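Look for chain A in each of the two complexes below; its partner is chain B in the first and chain C in the second.
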Partner chain A sequence: MNDKKVKGLSKVENYYQHYGLRAGELNKEGEKVIGYICSFVPVEIITAAGCIPFRIKGDVHEPITKGDNLMETIVCPLVRSYFDLCLKGRYDFLSGIVIPHACDSMVRGYSAWNYSLDLPYSYFLNIPSVVKESSFEFFNAELNNYRRGLERFVGKEISDDDIAGAIRLHNNNREKAKALYEFTKPEVPLISGTELRKVLAVGLSLPISESNQLFDEVLTEIKERKASPGKKGPRILIDGACIDNYSIMEIVEGLEADVVTDTVCTGTRDYWPEADTGIDPIDALAIRYLDKINCPKTYRENRPGTFEGDIADRFGDIGARAEEFNVDGAILLVYKFCDPFGFEVPARKAYYESVGIPLLCLESEYSAGTIGQLKTRIQAFLEMIG
Partner chain B sequence: MSYCLGIDIGSAYSKGVLMDDRELRASYYCLSGGDFRLTADKIKKELLSQADITSKDISRTVATGYGSKMVAFADKEITDISCHSKAISTLFPSVKTIVDFGDLYSKVFLIDGKGNLLNFLLSGKCAGGSARVLKVMAKVLQVNIENLGDLSFKAKKDIEFNTGCAVFAESEVISRVAEGFAKEDLLAAIHKALSAQCYSLAERLGIERDFALTGGGARNKGLIKAMGDLAGMDVHVPDAPHMTAALGAAILADEALKRLEVRGQNFFVDK
Partner chain C sequence: MAEEQKKKKKRRTATKAASSIGPMVKDFIVGTNRIRAEGKQKLAFTFIVCHHEEILRAMDVVPIWTENFAGICGAKRDAERFLERAESLGFSRSLCTYALCGIGFDHWREELGEMPPDAPWGGMARPDFMISTGQILCDPRAKWYQASQQYMPDVPIYNMDMPYPLYDRTADHREVLGYYHKYVVKELRGLIDFLEKQTGKKMDYDKLEERVELSDKTWNLIHETYELRSASPCPMGTGDAMNTMVPMCFMMATQETYDFFTGLNKELKEKIAKKEGVIENEKYRLLWGGGLPSWFALTDFNYFNSKGAVFPAETTYRMVTPLDEMDLPETSDPVEHLAWRWLGYWTFWYDKARKRPGSEPDVERLINYIETYDIDGVVMHEAFSCRTWHVGLIWQLHQLAKIYKPIPVLYLGKDGKQETGHRELPSLILESDIIDISSYSEVDTRNRIDAFIETLESVAKDKASVS
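== the complex of A and B ==
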């Protein structure tokens, strides 16, 4: 299936439809694939260990069945979907798994992952939920524990240079992703929101060198495009957690609007922040994962001391991105039982109001059957701002 | 003559309105059934025969409602939220807040004086808070749905009724029946619970005078009274509230037609 002639967007479509295809092939060739969930797993160290980081993706079309025996329905449906797919063998090429302490569903569910999958390598990454000076000290030590664990698993040392090299490769990947986002900036975008997000999702399922090559191919392909798939309709920002199924983008774009940017995990939350170079690589990773990734799982002190100042501090990146991409409105998609986002909805709403960006809040159950019901709301919202 | 057709394919009932230059010529509604395409055709045929015209006489059709994309002959699809807003602002220009009691959802929306949508909220994805609750209750209590409102006015006792979800509400009512409560008292409690639920939805959006109710549920007098009591103001209700979205669709079709005509005839002026 790894046909050298299939390039760019066709390759993306194939890898998206058969998510994990390439990782499975590489595993058969003897490579070690390490699965992870969430934006908070430092993939650079997995790459530095000579393994392939593989972002586990859910599936809205697969009803959650086996997973429900070990995770009650109060766990967020996205995490349950990941877990259910792993139990059913969808990602049976994994040699190991890393789960970060990002939300309660991940912390409380880790033991279930650990004993029911029983993989040769399994690690729970203890990332602090509060950004303070002491958090960096703690996380720095934790990152070294994580590194030692991987060293024992692969049977070789992971040097600072190995990590610095991996940081360069992953930063390079993030720069290419940003270059892809540039194509959504024209009045009629050159790449559709749905296409872009498929590229970005597939990019997280490949070894970093292959991901970089694929992004280059797509960049060339889009540059040469004659006809644009864009609509010249209202320009929409999608806000939310990890949105790895693109039905919502398809609904928006089917209604003659353009998804031009986002804050979501397999989008800008993963791809925007780069790790610093020229400093100790472990410090660089501690800074990137603790402070640079903006996610509601992280508590930041109210430095300005007022509500208005606090929301500007916490959500300022949304407004900046909306301005950069000339956004007309935003759609916030929150999964049922997603605590971090759920708790934050009122503050987020207040922020959008303060910067004058129309916002539509939607709740999703991460199930294909319920996505269509969101269409009426989206259509009315587009009619309102259009 | 410029006939415009508005068709609203709802999850329970489908409605059609035929207008000739803002003059109402025909209207019709029926159960939506299992094939929305056939239903749309049936409504169109009925309207044509009522007005004694043919398909060629219709200049523009706007489809709305849950099944709008199944109306193959429509020129445009517009959400029922925009259609309700248009119709209500035409009928009652002072209205700013609208509650639509539909079978699938209840919706609250704010409009400006010209019928433009400013903001909206829908009840949950299940039928909780929708007018379907009334249909379910009519069946459980074996009461004709037309009489629900009047019966509820005859209540003698206050019963506390808490469940918002349509399915759980059904079982709650059955258990109250088993406890020996009277139909009238139960109906009053159900109307109160449903209106409280929809009113709190409206409060989340911020209620501005004037206030209007629409949708099939607004045919129920009990609900109109309960909403009026909660809001502490009179509520406007169209004569045929279930037809409002279809009417709005026909008005929007008419407006679009006139814009097209202006563009065609006064090409230079429009530029």
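== the complex of A and C ==
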């Protein structure tokens, strides 16, 4: 329920525990909710179409059952969880879905999604695998095709102005997210890593205007905070793909350390890059989603011509975040069967070594049963760097 | 690995053509090492099914098909030491084992400055450059060489993006083909620029055109030859096709491949005329409906044969479609033609799928082969390390059951009356890997095959009782 008296972090907790509650309510009121997976989906066009973009979230505590009847267990466990929850009706308020070309699990599973959910709107967005001039031209055309598909679905034109307006709203949201990260900069953070990530997750489940309002409420609440939840322990950066199970943050923070920043898809990888304004809005989206989102999926030429130069280019954002947030150590969480991240693990390790940041590398099966093992390894790591 | 596990029997082939493949591959691998030593030609790591062989050959660049080398390591049951090395570098064993094998091998060779001891068939030569392909499917093709570059930092990469529009049942793919084609053409021209820079030679477009014409001719020939396998008894099975894929996938755009398939075509026609099948008493005709084979266990095909089952067709490595059915736009530019052929190949089943509610290109192809080759059952292989070819198989079988099997079939009953039944099309999913033998159990696999054969027998009896 959308209780207007409940604000800020209390509202976040409610929406986090009942993820999709608000989207479901709005759907009952006649709004169209478009589900998506991965940070590669330009949500601005969904907003511009008058629909609500809704980031599908997994559930580490829900055993995958129905999904396994239609999707192989060699699929990334996070994607399997998304699919399983959708089949079980967890997100039965969706009017449509957008799946991007982000990995083989998404591409090869698309048919199963498309036919099993049988939603009125379904789109596969083809993201180029390389970042170069010709791929921007292609991506621009693909984005316009995505736009036309949504136009047909909602029965109205999506103008450049509509998209430019949506870009402003989403950029505004990203600026507020960055302001939230500022609270983790003090020696004793004013917001815990778990709290912050719940806010960010919930923000992706709401209409952008409500998300902006919620972020404002949280910003005000944290500013007025008297007691800090921070631990003044080792300051940790979390690296990896999409991490929507916050057990890892809770484990770290339960061990008297602070998660102060990240380079994950539900964190700075998605929230930090803004779309340019003052240029053609489709161009702006092509640049943001193809170039500014730094994902292992998109290949960038090794311009320096050396391994050291290449990893500095590819993973420089990690070093920048680590410096800005005064990080003591990092945890890289990679899902089993994740080829894009999996093939980068040795190079990422080399990068962390080159910038002198201690690293713990974990492979996760996105299962509640493995959380205990993670805790043991995290504890040993924190003792080592603490 | 235990020595006894390494030992394996040479697989029986049904055709002479298939039996000639082993030496051909060996010559190819040995040849790349000779070329490396001579230093006259450039060697490129690259991947099959990218429609760029014509460009490579016209530029006199010698491809080293890295997946092929991993497959050889697998077939020789000698991949484990390279997989373990990759794992020790920090790569998860859940990743593509072709790539892990290749990276492990490269790392070892670079560390030693020479080939690892007892490298299969002399080992995989060091490349002059690497050509990745970020496609619509196969993440490892975009990530493998980038990972290898950590151990070969002086070897440059050209990553060629080769997308195609994914099937959309609500839209005609022709609406978007224009911008896909434009992009693929630019990527292929980018490859030519890269090769010109690396080799110091200019592309000879007449030569390229000749290579493209030769490939096109070969495509049609392969299609026609593989259609011959629909004969009963079936003259060549999937076991052999896992050999004849070598010239199709690794040696396209060469006269040698055209000649090879001319010979195979002749051999199959002779077998058909003599009613000579893969096995003497053909009981069941099966479709290899998806998944790469376990290269270390190709004798499983012989095991199927011993139970009276043959595989007249497979979707795996059937990397050609008839050009005259592809409706390719006319162009005098060979690069533009390659791009159209690329898109034509991947969208080949789209129109057919659109006509059958609930179908999809992959499912449509299964149905088409089931009917063309008079199939009694479908077998698939789920390789744990490869999402590219092995995700979506369960769904395809599910959809096949939903839209195809319930179709009523009329039988002529014993008393001459027509009776209605339903298609019975048993399916089997085998589970293992492409080259990681630790995932394989011969006993379990063969028990599953036995159970599947029993199901086929039961279905055959039911059919016999109504006809």
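In this text, the second predicted complex is superposed on the first by the 386 of 386 C-alpha atoms of A that agree within 3 Å, B and C clash if a C-alpha of one lies under 4 Å from a C-alpha of the other, contacts with A are read in each partner's own complex, and residues count from 1 in each chain.
In the analysis below, a residue touches a chain if its C-beta (ideal position, glycine included) is under 8 Å from a C-beta of that chain, and two chains touch if they have at least 3 such contacts.
Keep in mind it's a predicted model, so treat the numbers as computed, not measured.
Enquirer: In the overlaid three-chain picture, which partner chain does A:350 touch, first (chain B) or second (chain C), both, or neither?
Expert: Only chain C is touched by A:350; chain B is not.
Enquirer: In the superposed arrangement, does A:291 touch chain B (first), chain C (second), both or neither?
Expert: After superposing on A, A:291 lies clear of both chain B and chain C.
Enquirer: If you tally the residues of chain A touched by each partner, is the higher count for chain B or for chain C?
Expert: Partner with more touched residues of chain A: C.
Enquirer: Looking at the overlay, what does A:370 touch: chain B (first), chain C (second), both, or neither?
Expert: In the superposition, A:370 touches chain B alone.
Enquirer: So, does A:276 touch the first partner chain B, the second partner chain C, both, or neither?
Expert: neither
Enquirer: Which partner chains sit in contact with A:379 here, chain B, chain C, both or neither? Use first/second/both/neither.
Expert: So A:379 only meets chain B here.
Enquirer: Just to be sure I read the superposition right, which of the two partners does A:306 touch: chain B = first, chain C = second, or both, or neither?
Expert: second
Enquirer: Under the contact rule defined above, give the chain A residues that sit at the interface with chain B and also at the interface with chain C.
Expert: After superposing on chain A, chain A residues 363 contact both chain B and chain C.
Enquirer: Over in the complex, which chain A residues touch chain B? Could you list them?
Expert: The contact residues of chain A facing chain B are 363, 365, 370, 373, 376-377, 379-381, 383-384.
Enquirer: Could you list, by residue number, the parts of chain B that touch chain A in their complex?
Expert: 66, 78-82, 105, 117-120, 122, 125
Enquirer: Spell out the part of chain C that touches chain A in their complex, as residue ranges.
Expert: 89-92, 94-96, 99, 132, 134-140, 142-144, 146-147, 149-150, 153, 156-157, 159, 161, 163, 165-171, 175-176, 179-180, 182-183, 186-187, 190, 358, 360, 362, 382, 384-388, 390-396, 398-399
Enquirer: Given the complex with chain C, which residues does chain A contribute to the contact?
Expert: Touch list, chain A to chain C: 69-72, 74-75, 101, 103-105, 107-112, 114-115, 122-124, 126, 128-130, 132, 134-135, 137-138, 141-142, 145, 149, 296-297, 299, 301-302, 305-307, 310, 334, 336-337, 339-340, 342-347, 349-350, 361, 363.
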